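The structures come next, written out as structure tokens.
Presented sequentially are two complexes of subunit A, the first with subunit B as partner and the second with subunit C.
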Partner chain A sequence: MAPKQATRNKAITLKGSTALVTEFFKYAVNTILFQREVYPGDDFNMVKKYGQVVLVTQDLALENYLENVAARILQQVQKWILTGSVTQLVLAILAKDTRTTLERWVFDIKLVEPPADSKDATGKPEAEIQSEIRAILKQIVSMVTFLPVMQEEKVFNILAYTSESADVPAGEWVDTDPLAIEASKSQQVKMRSFSTDIHRIEAMVAYRYEE
Partner chain B sequence: MNKPSASTSRTTSAMKRDSLEAELERDPHLSSAKRQQRTQAFTSNMAHASLERRLVAAQTTKMELETKLREKDMLIEKLERDRRFFSDREQEEREEKERERAEYEEQTTQKDNELRTLRNSLTALREEFADLQDAHSSLQRSTSQTIASQKSQISTLTRQTALLEEEVSQFKLLADERSQTIDKIQNQVHELSTASEHRVKAEEQETSDMAVVREELHRQAAYLRKLESTNAKLTSELAVLRARHTSIEVLREEKRGLEMKLQPLEGLREKGRQVGGAGGGGTAGTARNQQPGSAPSTSTLSVAVTQDLSALRLKHAQLMEDHGATVALLRSKEAELANAELRGAEAQESIEKLESDIALLNAKVSRSEQVAALAEGESQFMKALLASYSLEEATKEGASVDAARAEQVQQLERLLEDYKTANARLMQQIDETVHREPVSVTEERQQELERERAANREKQQALDEALAESQAQLEKIEQLEQELFDLGGEIAGGRHVPPGVRVLSFKDTPELRLRDDPEARLSAMERVKEENAALIRRIEELMGRIEELQQRGGGDNDTDTAITMRDATDTNDNSSNNNAGLIPRESWDAVCKERDVLRGEVAQKEKRLKRLQSVFADKAEEFKQSIAVLLGVKLGFYASGQVRVTSLYDQDATFVFKPAKAEGAGASGTGTTAMQLEALGEGGPQDLPDLMAYWVGSEQCIPGFLASVTLELYERWKTEQREGQGT
Partner chain C sequence: MASAQKTPKTPSHRRVRSEVKTPLTPSLLSALNTVSLESPIKRATSSSIPLSDAFQRQASGGVIRKGGVESRLDVVTLDYVPPPPKSEVKRSRSTPVINLAERDRFITSRDHTLEVSATLDQMSLNVPSGSPTHTARLAAATGVPINRRILGYHLPPPSASSDTTLALQREFARPLYANRPGAIATSTGATTNKTRKISTQPERVLDAPGMVDDFYLNLLSWSSSNCVAVALEASTYIWKADTGAVVQMGEAPAGTYVSSVSFSNDGAFLGIGLGTGEVELWDVERGVKLRTMAGHQAQVAVLSWWQHLLSSGCGDGSVWHHDVRVPRHKVMELLGHNGEVCGLQWRKDGELIASGGNDNVVNIWDGRVGDAPIAGDAVATGNAKWTKRNHTAAVKALAWSPWQPNLLASGGGTNDATINVWNSTTGARLHTQTTPSQITSVHFAPHRKELLTTHGYPTNAIGVWSYPGLERVAEIRDAHDSRVLFSAVSPAGDMVVTGAGDESLKFWKIWDIPTADKSRKVSGRGEGVTKSGVLSIR
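On to the complex of A and B.
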């Protein structure tokens, strides 16, 4: 199903866009994990990406997780993005002991391209896309200034909002509860967005805020 | 590693031989060596002394430098204080500046606001001004329109007045006609009155007389006026003539003067004539004198004189004639002047006449009006009279002759009435039309204007509505955007999952595994449940037993303990503890399990510790050996912290050091605990005291001491070795 649709919709561009989005997601997750101190800062190494320095984890367990498990997650996400069956990706940060959700970093994935007129599309220059991505990553970094400080130990989880008809590989993915934050204690901030010719990623963060 | 140990064994054997050798070699060889040593010691002592001196000098310089340093420090401190003071000042100043800047900014913002408000008011005023200008222009336009309309009205009115005047003249004519008819009627009436009644006749006579008299009076007045005018004319003429007369007089006077002048001239002429006669004789005499002999010559001379005289006379006559001509010209000119004056007077006269004519005509008009009014009154009166006459005649007999006439008169009067009414109607109509026209026009325009205004108002209203609607829509959009943001937050917070969407998570996520591992959770739950149930059971039992005891009266303690004992043995087979009976088996199991786990952990830890110890021992041994190889000394560590140092080259050379928190530690600046030489073995080089005194006593350098001792011992050991090999 997926490749068929891909070939119909100017395959290379769609695939390129999908790769771009998944890559962005990977770096965004790394940045959030570093900035929100889910893993100790020593575990991260500086890598140059998007024309700026991005911190990427060196923690063995996390690396393993991200390299193997998350790579599979990302692969699956990539497939879903290709078919357009994923609408949202959520990085939830939970308190390790109480299991309460502290933050939800939400990335809305929207298909912007109408499938018909893809032939005459001039295309958005990659430099522009990169600058948009850079802006989002910078914004994630700057979020630390007003997000509440989380003293407790934290763990994270990645949730994918997919359509009912999505192709879900059995045994790898399970239905789960959305790890909601109570309405009375939730606040949200909309972040920048970026768009390729095909996808539009809108970022938002909801966080627990108790006075 | 093995090598040193072998060498030590050799050295021990060499020692024994050495002593023997020492016994053998107590002679010159040794003494020379000793001497050499002494000299060496002496030189070293000298060097030592010089070095000490230098040291002292260095110390004094150091002291000086230290004092200097202290001074510098103080100076620096002072400068530091000053600097702090200045920095405080600077800080204050900066704060002041900051405040001032803030104030200034505030003021500027205030001024900006004022300026903005003033600008706003200015624009408002400008708009107002523009509005007023508009109003003014519209008013001007309207006024000019009204002026134009009024002008046109005036022109129409003047035309009307002209018309009316014409009509008036017509009416006058009519009135004249009527007056004529009235005259006729009067005549008739007069005839009638003469025919019928004397009184009436007399009256009629009187009135006619009056008319005649009036006419006569008028004529006389006119004549008088004429006379007056001629009088005036004549007086003016008289004045002119008088002036002329004076001029004539002047001329006469002049003439007389001239004549007076002429009289002597006449005398002179007379004399001239005499002289001419005499002169003729004279000339003749002269001629005779010139030509005394010729008579004809005298006659020709007299002829010439007479000719001259006649020519002169002719000339005189001509001059006289010329004079007469000029006088005649003067006369004619005078006549002309008089003529012109006459003409001017005539013109004046005619003007006056015309003016008087105008006055006359005016008077006539007024008179005619009066006459008309009078005639009207008379006609009224006549009508009444006629009516009475007709009545009388009706009463009398034979009045049929005048019936037709009377009828005619009546008919004429009716006709006149009709005309009058028609005229009045027409006048009224004219008035109406004059008044109606502009009103209707303005009304139409007014209506149009009203319509336009209404349309305009409607449009304005529609515009307002549209604007309000757009405002409302904008507000709604804003509201919806807010709502959208809130709903986005709902989704982002995970509280709302859109329909037709699954929330998935990767199964291998450690979090999930930890949380969702069903087996572990279930087993833990089961365990806790069992424990709980057992505890409840136990409580129930105990409660039952307490009740039993209470029922029994509570004296039987032995049975109770027996039961407890029994319980204990029941529940806990492998435990002899009495209290264990109080704990349910499940809890006990859990505790045991925990204990086992902990024990295992302890065993593991111990094992680890042992391993670490062995490793440490190995490492320490290795360390010692490497030190022995590298430094040539063996180290022995005691529990008290003392360290025993034995040289590899002489087993007897042993030093014991004690760690001491030396007083010099602070001065040296290293901060480490120094070692203190505490005890000495028997062995060692012979000049050990000297070395000790130098290195330990004065230099306080134990490594140096040890190194020099090692060096000495090595030297000795080497020679012994050589000797041993030699023997």
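On to the complex of A and C.
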């Protein structure tokens, strides 16, 4: 019984870890879009996930945009994570009219070096990973309390920082502006992180703050 | 214009024009370039240094061409020279002598490789020839890491499919566009449980011209002496169910209208609430007005009797108890609503009174009124025993159960359309049932464990629900042509009268009078006794 347990614990593979990270990203994006009111709140539906209630969009167009159609954003992101060629995902929230960046939610994706003595190292239990993810999502929700209120209409944009050698589907992804906020006008808050055996996700938010 | 003069083919007029126009337009510039095309190549081939193929291509591509033009031109020309591909840059670096030899003296200070690396820097691409500190600073300033690409999806995110600006209004209007839920198979427009047979046709229809189509009013009452009072704008009529005779109870004062009618428990008196806030008291038998009780500042939308107490719910949210026997009629004031009070119901024993308002609140009050009058103009004020805020729309429908004293049923308006059943002792919500449409009134069946509701748009239905299961026993769809607004149960407990904005009263036979119960009733129970068998509308 005991060895079986151990193997199951260790069973987090690259693919599994990638799926976990991608899924997390999906829920994180949904949570941010809801909490920051980028899309109207009525379009979101409550879904039980990670042992808590997460709001997920029901807007078909947005859902399609985020995941449904093959090779759309998340699927591509999953491929990149799988090959380790993506280092950072950024959800930028821009003002619709002026196109100025208001907030940047940054998720660093780092490959964790597998420990040398991986033979006896048991994997991180999934429950622990989930509780870390839960902590991040809760933190995103609680961020609303201090982030400046954005009055104007907003749009969002997802950026992927990839390595030079990453496979980029032609015509689907294009090089873009980093949509950075001027250093003098922005504040940054580091958020919690979570890690699987293979990936480590560090979250950070930068927001425009002018006196 | 050295090159132009060298070329014999150049027409003289073009030459003149080029000399006249000092600010160089791009078109002119290109003209000059085409004109001077021949000479630099000639010069290049005539030179003794051997040229690679690539360099010749470069030359014909226009890099060297500018050498033949005058100094003031080449500043502009540079802008039009596309940066050569990277591979060529390297090659040209390997043969710097040729480049230098080919250059005009005016541009020798410019280094091609530097220019290219500058443009590549602008494109956020890292160039090995660029200064490393500069690149690092650039990377730090722009937030672009080295050896990274920043990619964005080629399509912009979709805009929100729903518009937030009118979301609230749309929420309010949604019930109006609702599909008629649970479409019914039968053509009669009714569903009935198999165990029950409820006629979907009214027993009798009375015309009610001028009936006001207003949800907040209460214009229908059925007395224990088997009279139906109905208010049609300013007039109140009494239709005697025993004889079918109609008596007019007089008119409201000019300029106002009747907003509520209610029979006293014994059926001898009729309370009439007016739009101006007065409450009139009428003797039903003699057809005369006994008194007018003024004081309210807004329309009296609902009245409820308990013995000598006539309680009135007002548009300003207050509920007053009027003691109809004494000159100073206002004996108590209940303040607990922010919106118009449109539902008011005494419990049969007078212990409790329930009120519902346009502020979506249901209040349950202690019905006891202090004996001793308070000095001066002050009146006692009551405190709500329970305040329920579960409804999300105006609460007009209220009913106390006749067979279990602590049961109160309430029904909400358009946005709520929910029946809630409360325990008035513990304050608990016992049952909740969502219905397809606005609830305009609710009644407990006197002899059965059932509830009756009337509904507005879109179903315009009368619904019968079992209690406590709250399963639909029967439903009469489209009972009226417009929303069913008012209803009253007959004293015998088998008939229900409904009134609607389509200006008609309809009498429905919903329940049967159980024979055993009937005999018991004949033997006499305190109040609310009806002469059994009296009720024969036909």
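Throughout what follows, the second predicted complex is superposed on the first by the 186 of 211 C-alpha atoms of A that agree within 3 Å, B and C clash if a C-alpha of one lies under 4 Å from a C-alpha of the other, contacts with A are read in each partner's own complex, and residues count from 1 in each chain.
In the analysis below, contacts are C-beta pairs under 8 Å (C-beta built on N, C-alpha and C of every residue); 3 or more make two chains touch, one makes a residue touch a chain.
Since the model is a prediction, treat every value here as computed from it, not as a measurement.
Asks: Given the alignment on subunit A, is it a clash or a fit between subunit B and subunit C?
Replies: Here subunit B and subunit C cannot both sit on subunit A without a clash.
Asks: For A:Gln78, select first, second, both or neither according to whether it touches subunit B, subunit C, the two together, or no partner.
Replies: Neither: A:Gln78 stays clear of subunit B and subunit C.
Asks: For A:Val205, decide between first (touching subunit B), second (touching subunit C), both and neither.
Replies: first
Asks: Can A:Ser17 be said to touch subunit B (first), subunit C (second), both, or neither?
Replies: It touches nothing on subunit B or subunit C.
Asks: After superposing on the shared chain, does subunit C or subunit B touch more subunit A residues?
Replies: B
Asks: Looking at the overlay, what does A:Arg99 touch: subunit B (first), subunit C (second), both, or neither?
Replies: Only subunit B; A:Arg99 stays clear of subunit C.
Asks: In the overlaid three-chain picture, which partner chain does A:Gly171 touch, first (subunit B) or second (subunit C), both, or neither?
Replies: In the superposition, A:Gly171 contacts both subunit B and subunit C.
Asks: Under the stated touch criterion, which partner chain does A:Ala160 make contact with: subunit B (first), subunit C (second), both, or neither?
Replies: Once the two structures are laid over each other on A, A:Ala160 reaches both partners.
Asks: Identify the partner contact of A:Asp43: answer first if only subunit B is touched, second if only subunit C is, both if each is, neither if none is.
Replies: The answer is second: A:Asp43 touches subunit C but not subunit B.
Asks: When the two structures are overlaid on chain A, which partner does A:Ser195 contact: first (subunit B), second (subunit C), both, or neither?
Replies: A:Ser195 sits against neither subunit B nor subunit C.
Asks: I'd like to know which partner A:Gln35 touches here: subunit B for first, subunit C for second, both or neither.
Replies: A:Gln35 contacts neither subunit B nor subunit C.
Asks: Just one of 171-179, 585-593 or 693-701 in subunit B runs into subunit C once the structures are overlaid; which is it?
Replies: After superposing on chain A, the clashing stretch of subunit B is 693-701.
Asks: Return the residues of subunit A at which the contacts from subunit B and from subunit C coincide.
Replies: Subunit A residues touching both partners: 65, 72-73, 87, 155-164, 166, 168, 171-178, 180.
Asks: Considering the complex alone, what residue numbers of subunit A touch subunit B?
Replies: Answer in residue numbers: 65, 69, 72-73, 87-88, 90, 92, 94, 99, 101, 104, 106, 155-164, 166, 168, 171-183, 186-188, 190, 204-206.
Asks: So in the complex, the part of subunit A that touches subunit C is made up of which residues?
Replies: Within the complex, subunit A touches subunit C at residues 39-40, 42-43, 59-62, 64-65, 72-73, 76, 87, 155-164, 166, 168, 171-178, 180.
Asks: For a test of understanding, state which residues of subunit B touch subunit A in their complex under the given definition.
Replies: 485, 488-495, 497-498, 500-512, 515
Asks: Enumerate the contact residues on subunit C facing subunit A in the complex.
Replies: On the subunit C side, the touching residues are 124, 142-145, 147-164, 167.
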